[in-house]
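Have a look at the structure below, then the notes.
By letter and in written order, the chains are A, B, C, D, E and F; residue numbering begins at 1 in each of them.
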Amino acid sequence: MIRSDGRRPDQLRPVNIVLDYIKYAEGSCLIEFGDTKVICTASVEEKVPPFLRGTGQGWITAEYSMLPRATVQRTVREAAKGKLTGRTQEIQRLIGRSLRSAVDLSRLGEITLWIDCDVIQADGGTRTASVTGAFVALYRALQRIDKLEAVNLFVAAVSVGIVDGVLLLDLNYEEDSKAEVDMNVVMNERGEFAEIQGTGEGRTFTRSELDNLLELASKGIGKLIQKQKEVLEVGS
Amino acid sequence: MIRSDGRRPDQLRPVNIVLDYIKYAEGSCLIEFGDTKVICTASVEEKVPPFLRGTGQGWITAEYSMLPRATVQRTVREAAKGKLTGRTQEIQRLIGRSLRSAVDLSRLGEITLWIDCDVIQADGGTRTASVTGAFVALYRALQRIDKLEAVNLFVAAVSVGIVDGVLLLDLNYEEDSKAEVDMNVVMNERGEFAEIQGTGEGRTFTRSELDNLLELASKGIGKLIQKQKEVLEVGS
Amino acid sequence: MIRSDGRRPDQLRPVNIVLDYIKYAEGSCLIEFGDTKVICTASVEEKVPPFLRGTGQGWITAEYSMLPRATVQRTVREAAKGKLTGRTQEIQRLIGRSLRSAVDLSRLGEITLWIDCDVIQADGGTRTASVTGAFVALYRALQRIDKLEAVNLFVAAVSVGIVDGVLLLDLNYEEDSKAEVDMNVVMNERGEFAEIQGTGEGRTFTRSELDNLLELASKGIGKLIQKQKEVLEVGS
Amino acid sequence: MIRSDGRRPDQLRPVNIVLDYIKYAEGSCLIEFGDTKVICTASVEEKVPPFLRGTGQGWITAEYSMLPRATVQRTVREAAKGKLTGRTQEIQRLIGRSLRSAVDLSRLGEITLWIDCDVIQADGGTRTASVTGAFVALYRALQRIDKLEAVNLFVAAVSVGIVDGVLLLDLNYEEDSKAEVDMNVVMNERGEFAEIQGTGEGRTFTRSELDNLLELASKGIGKLIQKQKEVLEVGS
Amino acid sequence: MIRSDGRRPDQLRPVNIVLDYIKYAEGSCLIEFGDTKVICTASVEEKVPPFLRGTGQGWITAEYSMLPRATVQRTVREAAKGKLTGRTQEIQRLIGRSLRSAVDLSRLGEITLWIDCDVIQADGGTRTASVTGAFVALYRALQRIDKLEAVNLFVAAVSVGIVDGVLLLDLNYEEDSKAEVDMNVVMNERGEFAEIQGTGEGRTFTRSELDNLLELASKGIGKLIQKQKEVLEVGS
Amino acid sequence: MIRSDGRRPDQLRPVNIVLDYIKYAEGSCLIEFGDTKVICTASVEEKVPPFLRGTGQGWITAEYSMLPRATVQRTVREAAKGKLTGRTQEIQRLIGRSLRSAVDLSRLGEITLWIDCDVIQADGGTRTASVTGAFVALYRALQRIDKLEAVNLFVAAVSVGIVDGVLLLDLNYEEDSKAEVDMNVVMNERGEFAEIQGTGEGRTFTRSELDNLLELASKGIGKLIQKQKEVLEVGS
């Protein structure tokens, strides 16, 4: 089977990462998964949330947003509505947890890393592109402040799903909106899971489908981590 | 290994369901997973959200909350803060999706089922108790309005996790707060997944750990569905 | 005249109080006035609001809420609306003032007692059941922290009203919604008033009607205080 | 006993009412109870809230606010805080109910009267001055739109209380802040009650104290209604 | 050309200023530009915003609001909506900047002057009347706390505009709503600008029109400052 | 005098406009004034606000925001705070008015053009870059829907100011934060003003300074409009 954009089922979209995209941020990049484009920045703040004060430990927290016309139809700004949607909050929490799984917080010292992922164009996979780009921004910021020893392992994320009965890697918007099963997987460079979120949309999925989806995700994440390392000039 | 409350690692807490707990609701129950207690109601509204008007299809949506002193320390009411936390929104969306996976919305007609899960005492597993109890309330309400034909299969949920290296079923609060890996699984009576949400807390997890956790969850959910059927007097 | 539920005009509904209903709270009960059911908890916090710091005096504050399906029609959650209604705020303030009238705050030391009244089923009289149950939870919490000497006198509340020209004690929802005059009375065990709130709904009321309503309330409150004492095992 | 401003215990402060104070409003006045000054307007809107549509009946609703520097210390604007305090909501509801008790809503036709009471200087008794002035604005607006036949009886309000053991009429701010018992009474020109709200502040009050307070209120309200009639040029 | 209210194009409306209008405020006035009436108060607070702490410098901040029935049609309260409109925020910022331009903040010491402008009747020019009245209230407050040496120069504001091709000074509501060009000018007593805000409404304006409008504004402001000085009994 | 970035006082920063930057929007560009970068989109909606329904006339409205790390210090998201700052609202209104001055709304038909300006990097002049880029996005969108006849004249904006006594064109962040006088000017291609907003920061400005600043702005805007026309391939 060939997908509408010509990819094979197990093929990622072209991935592009522009490092140091925002001049003020300690770490930043523009990441593109095909037509999905996200600006990721990492900002260093010299304090921690109350629950960590005096522990010598640091923190990583993430925020996520979309420009109103990142989408096919313009969406109303959350600032105009005065509150965050549930979807936004879910994604913010996912990004934060994923990055914290990759870092030894006790080696950060009492600083907070604010990760901002702002989607400027959305064509599916914005949360997985965000995790993948956010790791790059985070790595870069830690490099700047000379704390790379706190990074355990590279982390990246990809979506997999079932569309018309076929298992696909890295769904674009059109595929995502038809998906019967939708799964986001965050893994590290050793092939271990930081997060699995799988959802049946209108149907359930079997154990065997799950196994095959995880296999597909694993391959995609391997390639994404390779890309991260190239951009950051880190040897595998 | 014996757990602090005397259970085996693969053992559920005592499950208790009081049907028709709230007199006004079309469907309701009080569900208890050990000391975790949740009031679940299903309310029928004779209209649907705008995106479904004129389609002949129905909708199921869920809300979740905790009484302030359901927890060891009193928590501030979301109504007093004026907004929902990200955690609350994540749980609400999980409950809604789980129930929609169990029902053929096109056979509901244009009605909305409002599911309310209010935790009156919280000892871990409030979201899985909520899904399990919400299904009972939903089933009961559909029975009342004579639409049971819309129900596909029974659905229930349970948590599994890894604590001190041991895989456990149905974590209580004490276990949950120490868990290295935390996973919520929603399955139907055929053993298919409606939802998997697995998260490493401070560490990642391997493929083999994932397999064993899913095995454990599967057994627990089988027993929960049996309990739901007893209470609703449905033959297996 | 016999009321729709078979009571005489001057008769309370069956009152039931389950002490220690919530395991984490310092004090708690489930109180039932007929089909009206309220969970009341008292939580002890080791600090006071700014205006009392350094005075050696304590504080009592109350919050009130209803589960969405406590009512005949489901009501929208205040947390979802992002603000409290005027009705909720009025009731919260009434509960707080009533309890403070029963306690010598200067003998509490610098602690705050947070009272939470959550209505799980509403059939009229939720605010008077809340005051009456909240006093029980408060008493229990003070017993736990060994500060019973701060309690002056028992306090309870009841509603009275005029329906179709007849004076009634402890109105249920059906009666309440038809009431021409509606009054909530909070009294202590010496028969003194802590609070009177009387309102004509679409008509005014005369001085003589007022006198008779207060007489009726006084009798009902006497019985409620007797019930409180039984449950708390306090001699009259 | 002579009060700090030279009044006898049963004496009102000087009352002044400037009719038609705001040129755009259908009805308006500036009312002064001593140094307490409130602008009251009544605005006519040619529609009713949803629950009255098609009934032929009208509605009266009230809003209340204080300028930030109406008080001894500047208070933060509710618009700046983004929400109304409980006190404001209680007062708004009291004003609305009081005026509705004075009017036959079924003779209004489907219109809403919006009553706005804005306190420009506060020296105690702002809610009772508001009720008294709001009635004048309401009467004036109904006169303008030729619907005076909907008015049943004149209504006014006054505060009474116990300060240092002495029963006082129409408390100013200094007295109010020391009051042991505080009561607001709304009555019509026949001496019937529309509303009684009595509260012990730090102590309870006896039946006999209640009787004397109501007596005092009754006299004061008689004088206020006389003043309303003079200003509106209505014969007694 | 004669305007609808009989004025010449270059004529102000009658200006009236009642000094010390609110008894609690350190400085206050009621200012009237024709039928536009604004209560302005200046309140002294003995602290400064965080960014000024420890600098020895003071601050001036302003808030602006309208009573709901200040306008021809009743407008919804911002407190009821829970947020400030953009217009309100623009005006607040304009008033604050204008006053700060008139005062040497470093000679205030670490205090904040809260300026409140509350429009009780609006007939055009509410923001310019607010600036002009706010200066009076501010001056008065500084006189009270013996800090007049911090005042550099008197400041006042006026609107100018083009209506039906004619350049007008001090537009009333009717003129303002037809204006093709609308400009607010804040000047000091030396004829220097503190602020110019000019806007074409549906058309642009030429350089020569701009010059003539500024000329007109300059004359009007001269007269307003003369009036301020009379009221404050300051010699020119 | 040479500026810190090597420019002459009357010199713009390098201006760059990438047309069609966002694939979904009817019109879009990325505009750069030096290091200030703004994504501008124009979205077409087939309806108008209530006050225009049935008039045959269209509407243009604008929203403005900054990414959190567009600035030297990370700023808190307005969506997280739940409300827009006054600054944001002022800028939104300015952009909207400026564009409406350039378009004959009656020739649009009943559509709304939503303009979104999202600053991804901020180095001063974000509002003038937004107006200039927004006009390009708007023009492009009208071209797409074949309504170019509604455009009257090209419009652009630039900032001017006085820094250390020197008059400067197109201030960067460093200059802006030191500016004694700060002015934003919106002009059309005939040299007429759509908007002038001039503010003294800590000092006032004379008539002659104003004249020189307007002269400077005029030259800058001429060049910006030339750039707009090149990008849109419109002959001068």
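Observations
The rule is simple: contacts are C-beta pairs under 8 Å (C-beta built on N, C-alpha and C of every residue); 3 or more make two chains touch, one makes a residue touch a chain.
What you are looking at is a predicted structure, and each value in this text was computed from that prediction instead of being measured.
Listed here as common contacts of chain C and chain F: no chain.
Any chain bridging chain E and chain F, meaning touching each of them, is missing here; the list is empty. Separation of chain A from chain D in touch steps, taking the shortest path, is 3.
The geometric centre of chain B is 51 Å away from that of chain F, both derived from CA atoms. With centres set at the average Cα position, the gap from chain A to chain F is 33 Å.
Shared interface positions of chain C, i.e. residues touching 2 or more other chains, are given as 82-84. Under the stated contact rule, the graph of chain-to-chain touches is a ring, a single cycle where every chain has exactly two partners.
In the cyclic arrangement of chains, the order starting from chain D and heading towards chain E is D, E, F, A, B, C. Interface residues of chain E, counted against chain D in their complex, comprise 22-25, 28, 35, 39, 41, 43, 45, 63, 65, 67-72, 74, 77-80, 82-84, 88, 114, 116, 118, 120-121. Put simply, chain B touches chain A in their complex at residues 83-87, 89-90, 92-93, 97, 100-101, 187-188, 190-200, 202-207, 210, 214.
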